[in-house]
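Shared chain: chain A. Partners: chain B in the first complex, chain C in the second.
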Partner chain A sequence: MRTAIKLAYRNLIGAGLRTWLNVIVLSFSFVVIIWMKGILVGWDHQAKNDMIRWEIGGGQYWHKAYDPFDQFTLAEAHAALPAAFQTEIENGNLVPVLIAQGTIYPEGRMQSILIKGIDPGQNLLALPTQKLDTTPDAIPAIIGENMARTNKLKIGDRTTLRWRDAHGTFDASEICITAIFSTNVPTVDVAQVWIPLENMRSMLLMPGEATLLTIRNPETIRSGPGDWKLMTVNDLVADLEAMIKTKSVGQSIFYTILLLLALLAVFDTQVLSIFRRQKEIGTYVALGYTQREVVWLFTIEGAMHAVLAAVLAAAYGLPFLIWQARTGWKLPIETGDYGFAIAQTLYPVYSAGLVISTTLIVMLATAVVSYWPSRRIAKMNPTEALRGKLQ
Partner chain B sequence: MKIIKMKKILVFAMAIFAMASSSFGQDADNMLTKVDRNMSSKNRVFESTMIIHGKRNTRTVTSKTYSEGNRKSFTEYLSPASDKGTKMLKLEGQLWIYSPSADRTVQISGHLLRQSVMGSDLSYEDMMDDRKLTEVYSAKMLGEEKMDDRTTRLLELTAKVTDVAYYKQKMWIDAERFIPLRQELYGKSGQLLKRMELSDVKNIQGRWFPMSIIYKDMLKDGSGTEFKMTNVKFDQDIPEYLFTKAALKQ
Partner chain C sequence: MEHPPIIQIEHLTKSFPMGKASFTALTGISLNFGKGEFAGFIGPSGSGKTTLLNIIGSLDVPTSGEVLVLGNSIGGLTARQAARLRKENLGFIFQSYNLLAVHTVFENVEFPLLLLNYAASERRRMVMDALEWVGLTDKIKSKPPQLSGGECQRVAIARAMVKKPSLVLADEPTANLDAANSHNILQTMVKLNRELNTTFLFATHDDKVIGYLRRKVYLLDGKIDKDEVFPN
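So, the complex of A and B:
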């Protein structure tokens, strides 16, 4: 085994530029696969973390009619809060949110939005709701950067908000923007206005009602009473996970092509070696090697491309991957309108599992494509091989 | 003796005032009934031109509408070319739109109802609520006003039911023809939300009817939307199949 490795190494180095071209292409596959997978893992971590901080906390209770993807349900998705929740609401462990549809008129343009009522004193979510505690002569409102940008609204701006109450009667009032927050979670930002919960309840004639409640501590989670259904963090991030999984499948097609190109080069090298080194193969057999051992020798030689590639990838890839983990990858297009949690700059996260699994996959694939052409050696006539006759 | 006389005068004056107020209230309600009689019919067929004044340009949309009572209506857009063939069906509080380019029928509901119809000052929601005024509002006479050369009675309508789109309305009603010439729609807080100017009142089949209405969303910029009706016919024989979803694709 040791001799085989030594021989394989000498042969590889002896092949010179041909070996190094293969190794460079293969090392490129290593770095790109690890980086791309790292970006997806980083996005997954970042998005979930942001969603927990800004929107879903440790889980939520939803009114049974509430479906965030079906606006038709919103008019019915509200109910008085059950007595079982009162103590936890008072302790700040449950944050009720009331949601209704509305229209704002920034600069005289009509814009459909969601009005969300939240307790200004809450500290569970990262929303700057303390700014809703100010008392201008209009309803205080906070909005996200995306909403502010698309509607050209600034802090201190006033605009008219129109809504329909529980009975469908229109009313309108002025709101004053008291804060603009920056978030990567569009589901708390795009086309939404946050106002104090009690104002909203009295505007909509829905005293003591809410559409959903956010839970602080996931350990206190229990099934929701009556009209309320429990949504755990896993339920709430399921769509994000499904989307990342889809992206991951799409991405794997890209790096499969990249890997195939590199492996094709290794395969070609192996075929060429066996074709050109028939005398050498015959000599090995004449020296007492079994044909199986010669196949093994050539397979190790081919697979060693992956080992050298891993070393080379570590040499230039490690600094690159570390630099990326620190500075992140700034997406070249605006992500605010995507409709799902994604930061403008994604920071890749590389786990040991990711690096080890990628290395193993590349090495195994290289070993397979090295073994494939080497099988011919087993069928060679050693005497003919020693004479260098083509077989 | 003097005190008793004074009391009698006071009681008499109060009785006169009460009678006058009640008669004003009755007048207002009667007037509203007459308005309903003019504006509502068993069914109605008309062609219309909607002129939408935007910030930069003006668009004209023509359509033909068949309506039955206040629950069913079918509209087919005739021009411009981009909207031609678009059909809209309203049935008992539900609204569907058929788009010929996509060959799809879409139900308009939720926040989509708040969108404007073809970019006008009218939202789909405005088109949905058209119950008789007397069913929804109690009226109070505020006085008399001259509007152009017509004498109008100014009525303040306050919702007497809860499920009404506009809690308060001010309505200037032509004192002779019992047709509103101006309507202002208010929110509960007193905010003016929409204004309608009705004109070109004609007598059609024995009833007065405004052929031109200017809608203005008071919260929105722009000069409003003109809605001009032509060829209005009441109490026609409208085939029942027109008020079905199947008719949208025909």
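So, the complex of A and C:
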């Protein structure tokens, strides 16, 4: 084995440019696969972290009728908070949110929105709700940058807000934008206006009610009482994970094509080698190798492309990957309209598992495409091979 | 016979399939060779001399008959046993040298020792000894494409001799060399034959080689035509 590795190494290095071309292409595969997977892992981490900070905390209790994908459920998705929650709410460990449909009229245009009522004193979520305590002559409201941009709203702007109360009666009042926050989580930003919870309850005639409650500490999670159902963090990020998985499949296709191109180059080299190096194969047999050992030698030689590629990839790829992890990858298009949690700049995250699994996959694939054509050597007639006669 | 036999051939026949028919390259060959012989198979192209050499070298097997090389029946060896026989006891010299082009002279000569798992220091000593025999110690870092034909063949001889095999098989070793280089190579082989008592078997139709042989086995159409032994 050691002899075969030594010989394979000498043969590869001796082959010069042909070897290095294959190695360079293969090293691209290493770096691109690790980088792309790192981006996805980084996005996954960032998106979950942002969702936890801005929206879902350590989990949520939802009113049993609440369906975030069906706004018509909002008319029913509210109830008085059970006594069991009161202490936790007072301690700030549960943050109730009341949600209703509404309409605003910025610059005279009608815009359907969700009105979300939240306690201005909460500190569980990153929303700047303390700014909801500031305006005496209108309902104070905070909105996200995306909402502000699409509706041309800025701090201090006033606009009319219309809603229907618990009895179905339309009512309206003026809101004043007291803060605009920047977030990567569109589900707290796009088409949403946050106002103080008590204002909202009195506007809707729903005293003491909420649509959902956000939990601070996931370790205190227990089944929700009565009309309230528990949604764990895993439940709440399931859609995001499914979407990242879909993206991951799309990216896999890209780097599989790249890897296949690199493997094709190795395969091609192996096939050519077996035709061009028949005399050499015969010589190995004459000097004491069995044909199976020559197959093994050629397989190691092919697979060693991946070893050299890993070394080369480490040489130029490591600085690149480290630089990317520090500076991130700025997406070339605006991400605010994507509809899912994604930052404008993604920071790749590389784990030892990612690097090891990528290296193993590339090495195994290279070994397979090296072995495949090399099997032909076992069927060669060594006396014909010695004369370099094509077989 | 003054030498103990290391090759015993009895009624050897070798046929090759040619479509539905077959071509018989060797018929009824019976020969013995002893240790330290400097002998050759002589004959025109197609007489069967290379085929005979290949069978003795365990690169091919007899169709019928018995070939014993150093006590090993060639027809009965597994691929692994045949490889071991070649690795440990046989050296090959080819018409077109068959050196490994991307390896240096040193690495080419070292190759058989790598297969035999010699330690690095031992390998170095043995390679330098072998290159000393053929006068190429100044070329250890050269690669075959940088050498002349004569130098390449001397590297091939060093590679064949480095492990001090019992038997060296040389197939037309001077076919690609000029007269001066041929004599130089042959004198080197004669010297090694005498100093190391290695048996040399040639396949040749080159008069220069024939002149050095102490035993000449003439083949014609796959049969022994004449077997002449000359005194030292």
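Keep this in mind: the second predicted complex is superposed on the first by the 391 of 391 C-alpha atoms of A that agree within 3 Å, B and C clash if a C-alpha of one lies under 4 Å from a C-alpha of the other, contacts with A are read in each partner's own complex, and residues count from 1 in each chain.
Basically, contacts are C-beta pairs under 8 Å (C-beta built on N, C-alpha and C of every residue); 3 or more make two chains touch, one makes a residue touch a chain.
Predicted, not measured: the structure shown is a model, and the values here were computed from it.
Aligning the two structures on chain A places chain B and chain C next to each other without any clash. When both complexes are overlaid on chain A, the residue A:F69 reaches neither chain B nor chain C. Judged by the touch definition given at the top, the superposed model places A:R292 against chain C, while chain B stays out of reach. On the chain A superposition, the C-alpha centres give an angle at chain A of 150° between chain B and chain C, rounded to a multiple of 10. When the shared chain is aligned, chain B comes close enough to touch A:Q101, but chain C does not.
Residue contacts after overlaying the shared chain place A:T283 against chain C, while chain B stays out of touching range.
Of the two partner chains placed around the shared chain by superposition, chain C is the only one that A:L7 touches, whereas chain B remains out of contact.
The gap separating chain B from chain C at its narrowest, counted between C-alpha atoms of the superposed chains, is 70 angstrom.
Shared contact residues on chain A (touching chain B in one structure, chain C in the other): none found.
Of all the residues in chain C, the ones that touch chain A in their complex are 54, 57, 59-60, 79-80, 82-84, 86-88, 92, 94, 96, 98-103, 107, 111-112, 114-117, 143, 159. Across the complex, chain B is touched by residues 71-72, 74-75, 101, 103, 105, 107-110, 112, 160, 162, 164-165, 167-173 of chain A. Interface residues of chain A facing chain C in the complex, by the touch rule stated above, are 3, 6-7, 10-11, 13-15, 279-280, 282-283, 285-293, 382-383, 386, 388. Across the complex, chain A is touched by residues 109-112, 114-116, 159, 162-167, 185, 187-189, 191, 193, 217, 219-222 of chain B.
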